[in-house]
Every structure is written in C-alpha cells, then in structure tokens.
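So, here's a batch of structures to check.
Shared between the two complexes below is subunit A, which has subunit B as its partner in the first and subunit C in the second.
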Partner chain A sequence: MKSRSLTFRNGKIAWGLLSPMLLILFIVGVLPFIYVLYLGFCQWNVFAQVSKIKWVWGANYRRLVFDSDFLSALGRGIKFTLWTVSIEMVLGFLLAQLFMKPFRGKNFFRAIYSLPLTVAPIAIGATWRLMTIPGFGIIPYLFSKLGFDYNIAYKANQAFFSTVALDVWHWTPFVTLTLLAGLTALPKEPFEQAQIDGASNWQMLWYITLPLLYPVLTTTLFIRIMDALRIVDEVWMLTGGGPGTATRYVGIHIWREVFPKTDYGYGAAMSTLVLYFTIVLSWLLFTIITYREERKE
Partner chain B sequence: MKWFLKIGWVYLILILVSIIFLFPIYWTFAISAKTRIELFSEPRLLQTTFYKENYIRPLGNPTYRGYLWNSFLISTGNTILVIFVALLSSYALSRFEFSGKNSIFFWTITNRMAPPAAFLLPLYLLYTRIIRIDGWKLFDTRIGLILVYCVFNLPFTIWLLKGIVDSVPKEIDESAMVDGASLFRVIFSIVLPLAAPGVAVSAMLCWIFAWNEYLFASCLTSANARTITTGLAEFVTVVGTNWGEMAAVAIVAMLPSLLLLGLVQRYIITGLTFGAIKE
Partner chain C sequence: MSKKVGIVWFTILAVLFSASFLVSPVSAQQTSWWAKAAEPYKGIVITGISESTPPSKYMQEVLAPAFEKETGIKVKFETTSWDEMYDKEIKDMEAGTGVYDFVYIEQDIVYAYLARNFLVNLSSFMKENPNLVYPDLDLGDFTSFINYYKDSKGDLFGLPFESFLKLYVYRKDLFNDPKIKAEFKAKYGWNLRPAKTFKEYEQIAEFFTDYGKRNNIPLWGTTVQAGAHPAAFYEMVETIWPSWGIYNWGINLQNYHATSANGGKLDSARAKEAFRWWVNLLKYAPPESRASTWDEVAATMAAGRAAQGWVYGENIAWIATDSTRSKVVGKIGVELPPLYPGVLQEAKEGKGYIGYYDGGALGIPHSSKKKEAAFLFMQWVTRKDFQGDFAAKAARIVRKSTFSDPKVKALDPKVDHYFTKMQKYGDLFAGAPPFPFHATIREVMLPYILKGIAGEMTPEEALDKAAIAVDAELKNEGYIK
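Moving on to the complex of A and B:
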C-alpha cells in the first residue's frame, strides 16, 4: 500500500502523463499566440522584391487605431452581441423555468432543444439561407403575404436582424439547458422556507432563484458573449457579411480581409488586438463574478 | 380546461418552440427533395415527391466523396488522439497530487476561449512556412487539421473525463498497482473499461465538433484535406448555385449529429461549457 501512495505523490509521473497534452496545445495554441504577438510588431510583405521580416515597433498598431473598416467591424460585432445575448438570456431563462415544471416527456423535448447545438454551424447557415432566399424561401414568401418586402440581399437592417434571429435560434437552447442544469442543482430548503413564510412567486424568483443562480448565470453570459463576438460560419453562409458591410462582424472581417492579404504584420496586429480585446473582456467578467462572490462571504 | 391550466399550456409552448427549432431543418430537407421547377413555384409546406438526383449528383462526384472521406478520417483521427491524450491527462489530474494542478485548468480553458479568427493567420504561417520537414508541411494535410482540432476538443474532453475518472473508485487501481500492474495497464485495462460509457459519449462529442468545424478547415487546406463543411460553403460562392444540391449536402453534413443526438444530448452542455457547468 505504501508504494501506490508514493506513486500518486510523484509529481514527475503526473507531468509525464500530462506531457502529450501540453505538447499538442503548445504547438497549436501557445506557439501561434507567441508568433502572432511577435509579427504584430513587424512588417512583412511576402510579395515584395525582398521578402523579409522587419521590426517596426508599434507602426501596425498606429495604423490600426485609425482603420475605420476594422473599428466599425468591431463595433458591429459588439452591437450584434448585445442584441443576441440579451434576447437569448431572457428567452433561455423563461424556457428553463418552463422545463422546471413537472411534466412527462422531458427528455424528448430536451433532445429537440439540443438539436441546434449539435448541428454544424455552417449547415445551420445554409438552412437559414435556404429559408431567406427571395423566390423560394419561406420567410420572404410569408412577409410578401403580409405586404412586406423582405430581401436581405440589399436591405441592411433586415440582414442584421436576420443574423440576430439565426443566432437566437441557434443559441437560446444553450442558455436554456445551462440554466436548467443550474436550476436543478439549487437546494430545495430556501424555497420551502419561503413558501411557508408566504412569499409570492415573484419574490422567490427575485430574492432566492436569481441570487442562487448567479454563478451559473454569469458563466453562461460569459460564454455566450465570447461566442457571439467571434461568430463567423453561420453569418457567412447566411449573408456573406453583406449587404455591403452590414453583417460583417469582427471575425468575418479578420477572416476575409486580413487573412488573404499579404501584409502579414498588419494582419497579425489586428488578430492580436482582437485577442487582447477578448482577454480583457473575459478578465473583466471574471473579476465581476469573483467580486460578487467575495462580497457574499 | 383544468388540465390545460395546470400543465397543458406548458406542452403547448414546448411544442410550438420545438416546431421553431425543427422547421429550418425540415425546410432544408424539403428543398433537397425538390426539382428546379418545383423550387421556384409557390412554396408548399408538404413535400410529397423526392428528387433523388439532388443527392446522387454531389455524392457521386469524386470531389465531394473525397470531402466526406476527409471529414470522416479527420474527425475519427482527432477523436482517437484526443481521447488517448485526454485520458492520460485526466488520470493525472484526478489521482495525482502536484503543484500547479489548478493553473493547468485555467491554461487549458484559455486555449478554448481564444477566438479562432485571431489564430488563422499565425497557424497558416506556421503550417506553410515554419513547421516544415524537407518540403513536407502541415498545410493541407489531414494531420494538420487533426492537430488543430485539439485546441477546442482537448480542454473539454479532459474536464469531462476527469469527472468520469473521479467516479472510478481509487481503491481498484491501487490494489492493481499492489499486484504489480504498470501505470499504463491500470489506465487502459482497468480505468478505461470502467469509464467506458462516459468515454464513449465524450468521443462522440469530439467527433461531432471536429466534423462540424469550418473556419480552420477553410484556411488550412487547399485541395487534399478539404472537409465536407468547406464543400458546403463552396456552394454559395459559385455563380448560379444549385440550391437543391446545396440543401442535400447540408442534410448530409448534419446527418451524423442528428443520428447521435439522442446519445450525446445529456453531455452536450458539459461539452460546450468545457466542464464549467455540469448536468
């Protein structure tokens, strides 16, 4: 018995078991990260006569601050995120509450609700495109019956809200199921006690459910914000970023604009800035969450 | 009426929402069954005929069959690699006491949180210019994609498997060790069989996520290692899209996840929240 407890205390063996994972994540995670940080300070034009990497300090970033295309793509991404995430959180919460009711066939409905989460995002984009094509799509057809002209190929606002609708369709089930997991794990006693004390449903929701659900709510919110900011596949299939640049969110902007261009240094600077933006945002969210939890203690 | 007020309205809402979730997929299927002439006539909800040509043409096309084959090989290869590596890591995290254990958790998660778009350029450059051995490079190879997909599949699998390995009683592998079994033997012939159901579900989730990926596949391949998701995206860029065939390919791309849905649905949230929220 002595030998095994020694084995489990041996940190070297533990790191040995972890090493394949560390190696793979180093190659595809850390290495690109360091590389993109480095390139952001360089000028590298591959089609120049002499293609070589030149250290230029912050020149790329100076250019970036005045790049209105990039900044407006970032702004559009934030606007999209605000719309989708707030709708999804509200709808998701209501649906999760519904799922807490005792009824039969819960697993069946849960399976249907997890359907959008398992299907390839690019295929979801394709299905939505097939619904919105003027001519045979069902949505333009229904709108025309009502006397509206729906055409996301040239109406910017409609295109924007179609991508919002798609995202809400795609990710509301995620919010529902995470909040449902949180709700099921809540302790029963506070609710029973509150019921005895004659609290109304609203009071229980506001003073018991929401505070207790706080960690799950913030985690869900955090993951949704991160994912909504970087959306590419579905929107690309639905609108292709158009009309014009109406639905060209920041992920699409990098993918279509920076990536194919040969100005790698500038592209790297833009990638780094988006990365930095995401890190700051997640740090901010984490701080808010932990602050709240510390105060509770 | 009493029944409706009590629970009936819940069913009513659930069914309506279910229809909203199912409809786009049904609509795609309906379009995939339509001929060109049917497509541009008045939209109908019920599709009674089935135009197989939409499926036969892309699936008979060697290019598309290659895409499917690549997708299959890449997803399967990635799953095997991820499960193997994650099993070792999760065993280490579950059983061993060592300093730095918690930082590993945050580190793996940061790998998942990074926006893929920001990694396209450095990965592309690494794959085409930096990592090359005698002219061989990772760009446009299946191995390249198998490795990249570890970025998002490894973190969540490790945290899913850790929970599963935790539930295997420590005493079992301790007694095996006393009998002289090596560490690898303990992991693969004692812990793995006991954790098999959980491992199987994690493997399915990995497989689905790898199959579904598009962005990296579109940038890190050019011809040889293209996957079915890039094949689907190619439909829109070509002038004069054949919508029926596109719908058929979309259905084919969705098929694996639709088939595995019932099995993975219980774990999908743990997978998507990389273990932060468990069901």
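Moving on to the complex of A and C:
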C-alpha cells in the first residue's frame, strides 16, 4: 500500500516536473503541426480575391499529384539526398575509423574538422557563394587557371554538384562524430577474439564492426536523410535554386510557394506530403535493413 | 601677440554663434514644432522595417538618430533583404501582431496591401489628427510618384521617400574614345553612340565583348540581371518588355488574362522576340550576370566590367561619383533606353511607358499601436530641408523642390544629368501595374523566366507555358471568372 502510494506520488511529481516542457512542446511543436495539417485541406492565399481560409477537402493534394513543378522539385531533392547522404556516410565512416587510430595532431585536426558544424547554414551558403560566384570567386578563378570553365550560375551539373559538395563539407563531420562515438563504445572482446582466430581487417569490419555499429549507423542515416530532403538555406544562398530550376529542391520550392507567393494552403499540403514521404522512405529503409538483419539471425 | 590672436578667435566665434541664429530661423521654429508635436510620445520606441538599400540606410543611419535627438522618440529601424522584409511585414500585418509601426511599401506591392486593407488611410488620419501634420509637409510638392500611393478615391496610404528611374547607363569614356569609335564605325558602319534600337544595343554589346577579349581586359558588352532570383523576372517585365511595347507584364488589365487567345500578350510574338533578344544578350555579358540581382548589376558596372546596361537610379550616383566603391567615376553616361518603334509615342500619349519608375514609401499598418509617433517619423524623413542631402547620398527624389536644391544641382553634371532626365522624362516611365496579386503571379512566372534563361526551355516555350500558368493561377485565386 505504502509503495503504491509512493509510486503514485512519484508519478505525480514526475508529471509535474515534466509539464512545463510538455506544454512548451505542445505549443511550439504539436499545435503548429496540427495547424499545418488543417491548412493542407484549405485554400488560403492572402492575396487571392477572397483571402479568407476556405476548406477545400483534398483539392490541394489532388492538384499536387499532377503538379509537375512540385514532382520535379521532389525528384531533384531525392537525387540530392542520395548523393549527399551516400558520400557523407562513407566518408564519415572512413574518417571515424581514422580518428580511432592514434596519430600526431589528431585532436587538433578533429577540432578543425568539426568547425563547419558550429557555423549557421545561411553563413555557410553565403561563404560558398563568395567563393563560387562567377567572375569574382576564388574557385572559378582557380579552375580557369586549369583551363576549366566553372560557372554554377550557368551549368546545371556544376551547380548540382556544388550544392552536394557544400552539404558534404558541412555535414560529414556530424556523421564522423556520431559514428566515432559509436565506435568508441564498441566492446573490445569480439575484436580480440577475431584477431586470435586470424580474421582479416575486412572480415572484422564486415562481420563485427558494422553489425555492432548498426543502431548508430541507421540513426545517423535517418537523421541525414531527413535533413537532406528538407534542405533550404545553404542552397538558397549558394544558387538560389538555379540555374533555371536545376537546384530548386523541394524545400526551396515549398518555401517559395509559402512565403513569397503566400499560398499557405497549397504550401501546407506540400509540406505534409513531403513529411509523409520522408516517413515512408525511412520506414522502408528501416524495414529493409531490419529484414536483412533478421534473416541473418 | 597671443592676446591679439585670442581677441580674433573670440570675435570669430561670437560672429559664428550669432550667425547660427540668424541664418536658420526656420530650423529653430521647426525644431520646436517637432519637439512639441512629439511631446506626448517622448520615450516610446517605434519599430520599422525596410529593404537594405542606400536610401533606407541613410534613413537608418542619419535621419532616424536625428529624429530621436529632436523628439525623444526612439526608432528601431530594421533594414534587411528584400525577400525577408516582405516576409516579415506581410506576416505581421496579416496576423495583426503590431510588431511594426511603419513598413516599407514598394510601389509594386501597394495594390496588394490596399486590397487586403493592411494600411492606415493617411488622408483620414491627417484629418483626425491635424496637430500631428507638419505645417510644411506640403503634399503638393511631391512628384507624381505619390499618386501610386493613393486609392481610387484619392486617399493617401504612404509617404514616398524614394523614387528613381531604371535607365540606360553606358561608359562615356569608351563611347567617346576616338580609336574605339573608328574601330566600331569600320565594323558596323555607323557612329558609336548610345543605342536607340535593340539592334544597335546588340551590336555595341558584341563589339565591346570582342574588344575586351582582343585586348585581354575584363570588359563585356552589357549587364544582364539574370540571377536565379526575382530580379531576373523584374528586369524582363519592368525594363525590357515595356521598351518593346509589352506593358503590364503582358497581362490584360481588363480581364486579367495573359494568354493572347484571351486578350493578353504574355505569349505574343513580340513578347517572345523580346525575351529571346534579352536571353541572347547573355553571350555578351560578364560571367557573373547569370548570378546577378540589382546589386550585382550595379557592382559589375562600378567595377568597369560592362560597357552598357540598365541600372537602377538609386545606384547611379555612387557609381558615377564614389571613388571608394567605383572604378568608373566620371565615366558614366545616362540615356533613355533603346525602344521599339512607336513605344515613345505611346508613352507620351499615356498609352504605355518606356521603363520602370521604381520607388517606395513608408506606411503605417493598421496593427501598429504607435501610429502617431510613426506618422511623425514618416514626415520627418520626407522633410523638404533634408531632401538635398538625401538625394545626394542616395540618388532618389520624391519632391519637386528637390530638383532645384543646390546640392542636387551640383551633383547633376557629375551623374550625366540623371536628375534633370528624371525630372524631364519621369512621366514616360511607370511603376508596376496595379495588380493586387503581384507577388503571387511573380512566383508563377519566375520559374519560366529562369528556365528560359538557363535553356531548360526555349524562350518561346517558356512564355507559352507561363501564360497558361498565369491564367490558371488567376482563375484559381478568383480573379478570372
């Protein structure tokens, strides 16, 4: 009886302590999300003839699936995500492995390497823009010395890969640091055992490191996928979505629809659909990875 | 000896001190009016937002501190990027939060703000608060640009603080160089001078691009404002098309249709020809042109990298006179843009216009809780006696009397008589069309303009699709029945 009462009291205290944070989360997270869901079923452009919010059921979603501009932007966003996340995961893992080994100046290099994470994305975009601006930037200048015409305001492929390079430069340290934390926490015994059994480095990596690191790897992968799919600020600063629409990824497309165009209803529907798409993509990836692991077991 | 010097100094100081009262009796009187009118609002803070442009910076750095000193009203003046400014002020006015007490109203957005009833009717406000109206406000002294801020009944909703033309700017030194002139004549058969037709413009652009290459100097034939930014759209619809006789973005003002089949001109043969001509100019433009907004175009011209181009007037003064920022001081010429046959006549008859008359005003959102203090500040920045310095620093004029200000008169020859041309030809130019859906349709047309620039679509295909998209959007927004 005494212990039940204590548990009840403890529970009350716990909820009491949590309630301010839950309230804040509800106000800044849950309520706006519900509002966006609601707006997705409404027509609302503040500069329309009738600027009041009008419930239109699924009209926005029906329009979306035939909207070639939105679908192209989504396609470009997926392509960008595939490129950036693949490179970041591989590069991040290799660098994490490197940081596991002792070498001179390791701490200094690790600190320098992590610096991009501390810089605001908009500042990174602006810095890269200064470096790449045609006619004035250091990168076009250096390329011109090699006889290569680099102009991200003109050449779509160069613009695309410049945005990929920017994202890789910005976010690979994040992947490295999370994987490094995972690697540091791995138990030593399986590796010692494998060494005794004469396993090669490749076999240790494939059969011990990667399976043990699996939870950290999947978490990092999902975080990066979600981040890359909704990228706006860096790319906006670097290319403005151009040339043409070559780097108008889905985040930029939604931003232009919602803010400059003030089409809040349609923009909300786009955001909801992209969120749904991200959840489905993550779930699919998770299912595939889990299925593979279950089959192995 | 030192006693004599002391007496001389004392006499000079005494004379100067007395003279300061004698020469500025009006200032002393005005000072007392501002302080008296602001007395009930002393100590409060008014917040405003504007685009980070030379005129806004001048208000922020010079006029606002002087106002604070004079009235005791504190001014929190935010200057930011063009996109962010709109985003913030529209959200504030839409939600009625009252963050801003005065907002920048660019001429092109005023119709949208009026349609949404965002702004305080200043005519009514002045009637209701006669004690807050500066005796020398003199609305009749404002240029015709103020009319853009009136509704159909003639009521005023904004006080203009900047207006300027987007003119054809060229390198006088290059155009007048005898060797270059001879080379040009030998190649094209006519005397080099500012272009009057589009063919001439293109030939000049081709010539100077080739000249730059041959002489290994960073010089190209023209600027083009073709970055992946709304600036590209604006250069096309407000500068290029009007000079080709395509007005109001190619949208029919009566029925709001853009397609030729329904009375619009966006997909007309001439609109397509003009678009193709402009995109073609990129061959003769420096590499940064495809990343250029209005600011970069000015920077390109100031760096001496283009022989000619279209430049917003707010930048002309510093390009022509400020040697700390410009390499072409004293080398800038200003002219009317090249025109399609008949366009000048249409503009004179009021049936069209030859280019863009840009500018902005300050207005008060309904949501402001400090309207009175904001109104005082708006009048302060448009004070007649401030306008000479303001024009000299930021090349903008909103009052007729400013054209005869000694500072403007002195500056005028240095900017190739830009101010005289503004006064003389201002009425041939026009602001943006009276669309309440300005931003919405810009966002619909922009991707097509950018696709045309990037070569994702041909200019013709881009305009065909843009016209259909505009009609569809305006139908969706309820403007086309």
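By definition in this document, the second predicted complex is superposed on the first by the 262 of 297 C-alpha atoms of A that agree within 3 Å, B and C clash if a C-alpha of one lies under 4 Å from a C-alpha of the other, contacts with A are read in each partner's own complex, and residues count from 1 in each chain.
By our rule, contacts are C-beta pairs under 8 Å (C-beta built on N, C-alpha and C of every residue); 3 or more make two chains touch, one makes a residue touch a chain.
This is a predicted model, so every value here is computed, not measured.
Visitor: According to the stated criteria, A:259 is in contact with first (subunit B), second (subunit C), both, or neither; which is it?
Guide: Both: A:259 reaches subunit B and subunit C.
Visitor: Who contacts more of subunit A, subunit B or subunit C?
Guide: Result: the larger residue contact count on subunit A belongs to B.
Visitor: Which holds for A:95: it touches subunit B only (first), subunit C only (second), both, or neither?
Guide: first
Visitor: Please work out whether A:244 is in contact with subunit B alone, subunit C alone, both, or neither, and reply first, second, both or neither.
Guide: second
Visitor: Counting only touches as set out at the top, which of subunit B and subunit C does A:133 meet: first, second, both, neither?
Guide: both
Visitor: On the A-aligned overlay, A:45 touches which partner chain: subunit B = first, subunit C = second, or both, or neither?
Guide: second
Visitor: Please work out whether A:69 is in contact with subunit B alone, subunit C alone, both, or neither, and reply first, second, both or neither.
Guide: second
Visitor: Applying the document's definition of touch, where does A:154 land relative to subunit B and subunit C: first, second, both, or neither?
Guide: After superposition on chain A, A:154 lies in contact with subunit C alone.
Visitor: For subunit A, which residues belong to both interfaces, subunit B and subunit C?
Guide: 133, 135-136, 240, 259
Visitor: Quick check: in the complex, which residue numbers of subunit B touch subunit A?
Guide: 7, 10-11, 13-14, 17-18, 20-22, 24-25, 27-28, 31, 39-40, 43, 81, 84-86, 88-89, 91-93, 95-99, 104, 107-108, 111, 113-126, 130-131, 147-148, 150-151, 154, 158, 173-174, 177-178, 183, 208, 211-212, 214-215, 219, 229, 232-233, 235-236, 243, 246-247, 250, 253-254, 257-258, 260-262, 264-265, 268-269, 272-273, 276-279
Visitor: Which part of subunit A faces subunit B closely enough to touch in the complex?
Guide: Per the stated touch rule, the residues are 1, 3-4, 7-11, 13-15, 17-18, 20-21, 24-25, 27-29, 31-33, 35-36, 39, 95, 98, 101-103, 109-124, 126-131, 133, 135-138, 141, 169, 173-174, 177-178, 181-182, 184, 216, 219-220, 223, 226, 229-230, 232-233, 236-237, 240, 250-252, 254-255, 258-259, 264, 267-268, 271-272, 274-275, 278, 282.
Visitor: Sort out for me which residues of subunit C touch subunit A in the complex.
Guide: 83, 86-87, 90, 94, 112, 115-116, 227-230, 286-291, 300, 305, 436-440, 442-444, 447, 450-451, 453-456, 477-479
Visitor: Under the touch definition given earlier, write down the residues of subunit A that touch subunit C in their complex.
Guide: Subunit A residues touching subunit C: 45-51, 69, 133-136, 140, 151-154, 156, 239-246, 248, 256-257, 259-263.
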